[in-house]
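Look for chain A in each of the two complexes below; its partner is chain B in the first and chain C in the second.
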Partner chain A sequence: MTALHIAILSPLAFAFFIPLLAKYVRRIHTGWFVLILPALLFIYFLRMIGMSANGETLKAELAWIPSFGINFTAYIDGLGLLFALLITGIGSLVVLYSIYYLSKEREQLGSFYVYLLMFMGAMLGVVLVDNVIVLYVFWELTSISSFLLIGYWYKREKSRYGATKSMLITIFGGLALLGGFILLYIMTGSFSIRSMVSQTDIILSHDLFIPALVLILIGAFTKSAQFPFYIWLPDAMEAPTPVSAYLHSATMVKAGIYLVARFTPIFAFSEVWFWVVSITGLITLFWGSFNAVKQTDLKSILAFSTVSQLGMIMSMLGIGSAALHYNHFEYYLVSIIAAIFHLINHATFKGSLFMAVGIIDHETGTRDIRKLGGLMTIMPITFTITLIGAFSMAGLPPFNGFLSKEMFFTSVLRISEFNLFHVSTWGPLFPILGWTGSVFTFIYSMVLLFKTFGGKYQPEKLEKPAHEAPLGMLISPVILGSLVVIFFFFPNILSYRIIEPAAESIMPHLLAGNEKFKVKLEGWHGPSPELYMTIGVVVLGILAYLTLTKWKKIYRLFPEKLTLNTLYDRTLYGIEKTSNKVTRTYMTGFLRDYLVYVFLFFIMMIGGSLVLTGGFSFDTKGNAEIGAYELVLSAVIIAATLTTIVAKSRLTAIIGLGVIGYTIALFFVIFRAPDLALTQLIIETISVSLFLLCFYHLPKLSFKPRTVKFRVTNVVVSIGVGAVVTLVALAANSQHTLNSISTYFIENSYKLGGGHNIVNVILVDFRGFDTLFEITVLVIAALGIYGMIRLRLEKRGEEQ
Partner chain B sequence: MKKQQTNDVILQTVTKIACFIILLFSFHIFLAGHNNPGGGFIGGLMTASSFVLLLLAYDLKTVQNILPVNFIYVAGTGLLISICTSAGSFLFGAQFLTHSFGYFDLPLLGKTELATAVLFDIGVYLVVVGVTMTIIQTIGERE
Partner chain C sequence: MEILMAFIVGFLFMAATYLMLSKSLLRVIIGTAVLSHGVHLLLLTMGGLKKGAPPILNEEATSYVDPLPQALILTAIVIAFGVTSFLLVMAFRAYQELKVDDMDQMRGNDQHE
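And then the complex of A and B:
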C-alpha cells in the first residue's frame, strides 16, 4: 500500500467517520471537516505535476485477487492526473459551497457527505487505476453514489424518479462495459490497460474487436449522457445543486470521456470508432443545445448544455483519432488538445454556473426563468459570475470557452478535408452540425443570462425578496470564474504541464522515444476562417435571441409523444406490463396447469432426445416367452385401468384401483417375488381402506370439464407421457451393455449375510442403509398425519 | 370408527380366535424372514392388521383398554432400535451397519442361528406396527 493507494481510498475511509462527526459535533457544520480531505488531496496531486510534465508515470501495485490477475494497480499519467486534479479541486470548492448551501439544522448532513466522499473516492479510483476490473468496481460505485445523491431529498417524487432513471441507464451501460472488458481480456489475456495497449495489433485483428468496441462505447455513452442516453441527466437535476455542479457537470459525466480517451490508443485505428464517436458527439452537441433553448428551468438549461458540451468533447476525441493515420499528425492532433482543453474549461465555467444558479435558487426560491428577471442590480456578484460563465460557454472572448471553441472549429474544418473513411462524402456534415450547435449554444447562454438578470424585477412572483448571497457561498464560484478568465489570458500555464502529458497518454503511438508534443495556445491568432465562424455565431445568435418569441413555436411542432423520455417511460411501463401479463398467463395457480407444463417438458426433453439422437432401438432377443397367465392378468389390469379412468362415481374408481393393486400382487406371484406379493397385498388393502375412510368426506367426482380444449390437452399429454415411457423402457430393455450385479447377491447372501432370503438380506444387510431411512420416512408420515389431524382439532377447540 | 353396535356376537367371537392366529402367523413370518419369504416389514403389517381386526370388531376405547400402548412411542422405539443396532458395529471397530451372524447351542432350541440383522429387523417391525396403528387410530378418532 503506497501513498497513492491511500490517496485513492482515503475518501472512502474518511466516510466512515462522517456519521460520528455529524452526530456528536453538532456545533460545527460537518462540511468543514470534509473540506480538509479534498484540499489535501488536491495539494498532493498538484505536487505530481512536475513529474508528469517530464513524461514520467507512477505505478503502484497492490494485490487483490492475484490468482485471477485482478490487482489494485494505481497508475498516474497525464490523463489520470488531469482528472484527479479536477475531481479534488472542484471537489474542495463544491464542499465549501455546500457548507453554505445546506442548512445545518434542516438537512441530514451526515448522509450527504458520506455519499459525496464515497463518490469522490470512487471517481478517483476510476481515473487512477490500470486494472479494468477494479476500474469497473469504482465505475459502479460512482453510479451507486450518484443514485444516492440524486435521491437525497427522497421524500420528493421527482427525486426518486430521477434517481431510478439515472441508475437504470448508467448501470445498463456499466454492465455493457463489463462485457467489453471481459472481451478485451479474452483477446489479450490481461486485465491491465497498459498491457492491452501494448497488444493493440492482436486486438485489431481479432474477431471480437467490434463487439468489445461497441460494448465499451455503450458504457462510455451512458455515463457521459450522449445521444440517445442523455435523458437521465436533465432528471438528475433534482439533486441538491452542489451535487449537480460536482457530479453532473464537472466529474462523473466526464467518466465516459475519460474512458473514451483511455481506450483511444486501442480502438482509434478503426474506422468504426472514428465514425461512432465523432458522429454521436456531434449529434449530441446539436441535440443538446437545440433542446436547451426551450427549457424554462435554469438547471434544465444547464443540464442540456452539459449534454451538448460533452458531445462536443466526445466528437473532438473521435475526430482526433484521425491523427493516427497521417505522418504530419499535428494537423489533426489539435482536436485531441482541444478536447482536453475544453474538458478543463467546461469544468470551470459549468461548475461556476451551477453554483450561481444554486445561489439564485437559494436567494429567490425559484429557478423558473419566467418568474425571474431584473436581478442585475440586486445580485451584482452572482451576475458577474453568470456573465463570465455564460459568455465562456457561448465561446466569446475574453473567456477560455472562446479558445476551445476556436480549436473545435479548427478541428471540424480540418476533418472535412480528411480523405480516409469516406469522409469526403460526409465531410461537410462536421462543420455544419458543429456550427449550428454553437449558434444554439449562444442562444441558450444568452437566455440563461438575460432572462434571469435582465428585464424587470418581479418581486410578487418570487417566494422571498431577492438579495445577494452570503460571502461564503460566493467564494467557490468566484474562484472558478476567475480561472475562466485566467485560462484565457494565460492558457499556456496549462498547456505544458497538463495538456501535453494528457495528450501523450491519449496518443502514445504517435511518439517515438523521448519525443514530446508541443502545445502552444494563443489567445489571438489573427483573422482565420474560425474567427469568421465565431462572428457568424454571434451575429446569428443575437438575431435569433431577439426574435426568440417568434420562432420558439417550432419546438411545439415536435410532438411530445416522440421524445426519448416518452420512449423510456413507455418501455419501462411496457416491460412491467408485459412481464406481468406473461407471468399471469402461465402462473395460473392451478396445479393441473403446472402438471401439464411438467409433463409437456418431460415429453419434449425425453421424447425429443430419443428422436434427435436416434436412441431408440427395438430388440426382442433375450425376452422371455409370454405365457397365458400374463396375457389374462394384463387384460384384467387394462380393463381395471379403463374403469378407473372413465368411472362416474368415486367408489367405482377406488375399487378399480384396488383391482389394479391386487393384480399387480398376482403379477409378483407369477414373476416369483413372494415378499413383494405379500407386502403389495397388505399395503393395497390398507390403502383401499384408507380411501374408503376418506370416501364420505369427499365431494362427488366432477366430470364437468373446464373446457373441451383442456380435456383434449389432458388426453394428448397423458398419451404422450405413456408413449414416451413405453418407448424408453423398450429401448432400455433392448440394450444390455453391462452384466447385472445380482449374481454377487445370489452367491454371497448366505456366505456373508447368513440368510437364504436374498430380498431380506439385501434389505437389512447389504443395503440396510436404505431401509433405515425408509422406516424414518414412515415415522415422519405417521407424525405428519397425527400432527395435521390432532393440531387442527385442538385449534378448532380453542376457537369454540 | 364410531361406537360399534354390541350385537356382533359372531364377529367378536371369531375375532377373538382369529386375532391370535394372525398374530402367531405374523411372528412366524417375521422370524422366518431371513431364510424364507417374510421379514420385519410384512410381519409388522400383519400384526397391525390383527389389531385393525380388533378395531373393527370392537370400538376404539375397548381396543385402547386392551392395548394401552401409545403407538407413536412404538414407532419411535423401533427407529431407535434400528439406529442403535446399526451403530452397534462401531463398538467392534466395524463400519456402520455391518452385521454378523453365528450359530449357537441354546438350551431348549438346540443349534440356532443368531444374526444381528434380526435386531435391525425388530426395529423395522416396531416402526411398521407403530406407524400403521398411529395412522389408523388418528384418522379413526377424527370426528
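And then the complex of A and C:
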C-alpha cells in the first residue's frame, strides 16, 4: 500500500464517513468536508508533474488475487496524470459549486456526496491502474455511481428513465470491454497493460486481434457516447447540474477516450483501428453538432455538444495513429497532441458552461431557451462566463478552443494526404465532415449564448425574477473561464509538463531510448489554410444563425420514428413483450403440459442419442429361456394393465393395480428372488388396502369428454416413452462389457457377514447405509402423512 | 426371456405415462405406482435372469443369481411404497380441501402464482 494506492482509494474510504457527517453535523453544509479531499488530491497529483515531465513513471503493486495474476497495480504516467488532474481539479470545483447549488435543507446531501466520492474514486482507479481486470472493476463502479447520480431525484420519472438507459448502455459496453480484456489475456497471458504493450507483435498477428479490438472499442464508444451509443447522454441531463458538469462533460464520458488512448499502442498499427476510431469520431462530431442546434433545453444543447466534442477528440486519436507508419511522424503526430489539448480545453469550457447553465436554471427556474432572454444586463458575470465558454466551444480567438480547433483542421487536412489504407479515395471526407461539424458547432454555440442572454427579457414566463447568482456559486465557473483564456495566451505552460508526457504514453513506439517529443503550441501561426477554414466557419455560421428560423424546418425531415431513441425504446419494449409472450405460451400452468415437455425431452434425448450414436445393438447370447409360466404371467400383467387404463370405476382401477402388483411378485418367485417376492406381496397388500381405505373418500374417476387431440398426444407420448425404454433395455442387455461385482458378495457373505441370505447381508451389512436412509424415508413419509391429516393450519387460523 | 421382459417393461412404462398424463388425480397416482413396478422389473431383468440358484447359500448350488439387483430393488420397493402412500394421502387431502379431482382445475391462478 503506497501513497498512490491510498490516493486512489481515499475517496471510497472517505465516502463511508459522509453519512455520519451529514447526519450529525447539520449546521455546516456537508460539501465543505468533502471539498478537502479532492483539493488535497489535486495538490498531491500536481506535485507529480515534475516527475512526469522528466519522462518518469511510478508503479506500485498491491496483491489482490495473485494466483490469477490480478493485482491492484497502481501506475502513473503522463496520460494517467493528466486525467487524475482533471478528475481531482474539476472535482474540487464541482464540489465547491454544489455547496451553493444544493440546498442544505431540502436535499439529501449525504447520499449525493457518497455517490460523488464513489464516482471520483472509481474514476481515479480507471485512469491509474495497470491491471485490466482492476480497471474493469473501477469502470463498472463509474457506471454504477453514474446511475445513482442520474437517478438522484428518484421521485421524478424522467430521472429514473435516464438512469436506467445510461445503465443499460454503459453496462452493455462494460461487458464487451471485459470480453476484450479476456481476449487480450488469452493472447498475451497477462492482465497488465504494460506487458500487453510490450507484446504488440504477438497481438497484431493473432486471430483474436479483431474481436478484441471491436469489443474494447464498443466499451469505449458506449462510455464516451459515440455514435450510435450517444443516446443515453442527453437523457442523463436529468441529473443535478453539478453532476452533469462533472460526469457528463469533464470526466466519465472521457473514460472511453482514455481507454482508446491507453490502448492505442496495442491496436493502432491496424487499418481497422484507424478507420473505425476516426470515422466513428467524425460521424459523432457531425451528428452531435447537427442535433444540438434543434434543442430548446440548455442542458440538451450542452449534452449534444459534449457528444460532438467527444467525437472530435476520438477522431483525432484515430487519425493520430497514422503517425505510426512514417519515420517522420511529427507531421501526423499533431493529431494526438490536438486530441490531448482539446481534452483539457473541453473540460475547462464545458465545465464552466454547465455551471453557468446551472446558475441560470437556479436563478430563473427554467432552462428552456424559448422562455429565456435578455439576461445580459441582469446576470453580467454569468453572461461573461457563458460568452467565454461558448466562443471557446465555437473555436474563436482569443480562447483555447480556437487553438485546438485549428489543430483539428490541420490534422484532418494532413490526413487527406496520407497514402495508406485507401485514404486517397476517402480522404476528402475528413475535412468535409470536420468542417461542416464545426459550422454547426458555431451555430449552436451562438444559439446557446444569444437566445439566453440576448433578445428581450420576459419576466412573465419565468418562475422567479432573474438575478445574479451568489458569489460562491460563481467561483468555480470563473476559475474555469479564466483557464480558458489563460490556456489561449500561454498554451505552452501545458505543453512541456502535461501534453508531452501524455503523448509519450499514447505513442511509446515512436520513441527510441531517451528521446522526447517536442511540442510547441502557438497562438498565432500566420495565414494558413486552417485559418481560412475558421473564417469560413464564422462567416457561414453567422449567416446560418441569422436565417435559423428559415432552414430549421429541415429537422422535420427526420421523422421522430426513425430516431435511435425510438429504436432503443421499441427494442426494450419488444424484448419485454416477446419474452412475456414466449413464456406465457409454454408456461401454461397445467401440470399435464409440463409432463408432456418432460417426456418429450426424455424421448428426444435418450431415443435421439441412441439413434445418432448408433448405440443400439441386439444380441440374445446368454439370455434365459422363455417358459410357459412366464408367458402366462406376461399375459396376465398385460391384461391387468389394460384393465387399469380403461377402468371406468375406481374399484376396477385399484384392483387392476393390485393384480399388476401380485403378478410382479410371482415374477419375483420365478426369477428366484424370494425376499423380493415376500416384500412385494406384503407391500402390495398394504397399498391396495390403503387405496381401499381411502376408497370412500376418494373422488370418483371423472370421465369428462375429451378432445381427440388430447388423447392422441397422450397416446403418442406414452408409446414413445415405452418404446424408448424397451429399446434401451434391449440395447443394454445386449452389451456384455464387465462382469458383475456380485461374486464378491457371494463369496464373502458368510465369511465376512456371517449370513447365508446374501440379499439380507447386502442390505444390513455390505450396504447398510442404503437401508438406514430407506428407513428414514419411511419415517418421513409417515410423519408427513400424519401431519397432513392432523394439521389444518387454515382452519385453525379461522378459529382464532 | 430378457427380450420378453424388455417389452413388458416398455409396456408398463407406456401405461404409466398414459395414466400420468390424464386429468384425474387418482389415475396419476395409479400411474406412478405402475411406473415403479416397471422400474423394479427393469432392474431385475438387467441383472440377468435365472442364472443359478436363489441367493441363499447352501451346499448344493454351484451358482447363484445376482443378489445385488435384488437388494437394490428391495430398497426401491420400500421407498416407492412410502412415496405412493404419501401421494395418496396428499391427493385425498387435496380433494377434501378443493372438492375437485381434475388436474386442469388445480392450476394456480394469477393471485397464487
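One rule holds for everything that comes next: the second predicted complex is superposed on the first by the 775 of 800 C-alpha atoms of A that agree within 3 Å, B and C clash if a C-alpha of one lies under 4 Å from a C-alpha of the other, contacts with A are read in each partner's own complex, and residues count from 1 in each chain.
Quick note on the criterion: a residue touches a chain if its C-beta (ideal position, glycine included) is under 8 Å from a C-beta of that chain, and two chains touch if they have at least 3 such contacts.
All values derive from a computational prediction rather than experimental measurement.
*Asks:* Between chain B (first) and chain C (second), which does A:790 come into contact with in this model arrangement: first, second, both, or neither?
*Replies:* first
*Asks:* May I ask you to decide whether A:244 touches chain B, chain C, both, or neither, giving the answer as first, second, both or neither?
*Replies:* neither
*Asks:* Check the residue A:754 against both partner chains and state whether it touches chain B (first), chain C (second), both, or neither.
*Replies:* Touch partner of A:754: chain B, not chain C.
*Asks:* Taking the superposition on A as described, I'd like to know which of chain B and chain C A:73 touches: first, second, both or neither.
*Replies:* neither
*Asks:* Please tell me which partner, chain B or chain C, touches more residues of chain A.
*Replies:* Comparing chain B with chain C, the partner touching more chain A residues is C.
*Asks:* After superposition on the shared chain, which partner residues are touched by A:505: those of chain B (first), chain C (second), both, or neither?
*Replies:* The answer is neither, since A:505 touches no partner chain.
*Asks:* Looking at A:411 after the superposition, I want to know if it touches chain B, chain C, both of them or none. Which is it: first, second, both, neither?
*Replies:* After superposing on A, A:411 lies clear of both chain B and chain C.
*Asks:* Check whether A:674 is in contact with chain B, with chain C, with both or with neither, and answer first, second, both or neither.
*Replies:* Both partners, chain B and chain C.
*Asks:* Once chain A of both complexes is superposed, is A:765 in touch with chain B (first), chain C (second), both, or neither?
*Replies:* In the superposition, A:765 touches chain B alone.
*Asks:* Taking the superposition as given, does A:98 touch the first partner, chain B, the second, chain C, both, or neither?
*Replies:* So A:98 meets neither chain B nor chain C here.
*Asks:* Overlap of the chain B and chain C footprints on chain A, residue-wise?
*Replies:* Residues common to the chain A contacts of chain C and of chain B are 674-675, 679, 683, 686, 690, 756-757, 759, 763, 771, 778, 781-782, 785, 789, listed in rising order.
*Asks:* Quick one: which bits of chain C touch chain A in the complex? Just the residue numbers, please.
*Replies:* 1-15, 17-27, 30, 33-34, 37-38, 40-42, 44-58, 64-68, 70-71, 73-75, 77-79, 81-86, 88-93, 95-96, 100-104, 106-108
*Asks:* Can you tell me which positions in chain A touch chain B when the two form their complex?
*Replies:* Residue list for chain A touching chain B: 674-675, 678-679, 682-683, 685-686, 690, 693, 753-757, 759-761, 763-765, 768-769, 771-772, 775-776, 778-779, 781-783, 785-786, 789-790, 793.
*Asks:* Which residues of chain B touch chain A in the complex?
*Replies:* It is residues 29, 33-42, 45-46, 49, 72, 75-76, 78-79, 82-83, 86, 96-97, 99, 101, 113, 115, 117, 120-121, 123-124, 127-128, 130-132, 134-135, 138-143 of chain B that touch chain A.
*Asks:* Any idea which chain A residues touch chain C in the complex?
*Replies:* 588-592, 595-596, 599, 620, 622-627, 630-631, 634, 637-638, 641-642, 644-645, 650, 653-654, 657, 660-661, 664, 667-668, 670-676, 679-680, 683, 686-687, 690-691, 694, 697-702, 704, 706, 713-715, 717-719, 721-723, 725-727, 729-730, 732-733, 740-742, 745-746, 749-750, 756-759, 762-763, 767, 770-771, 774, 777-778, 780-782, 784-785, 788-789
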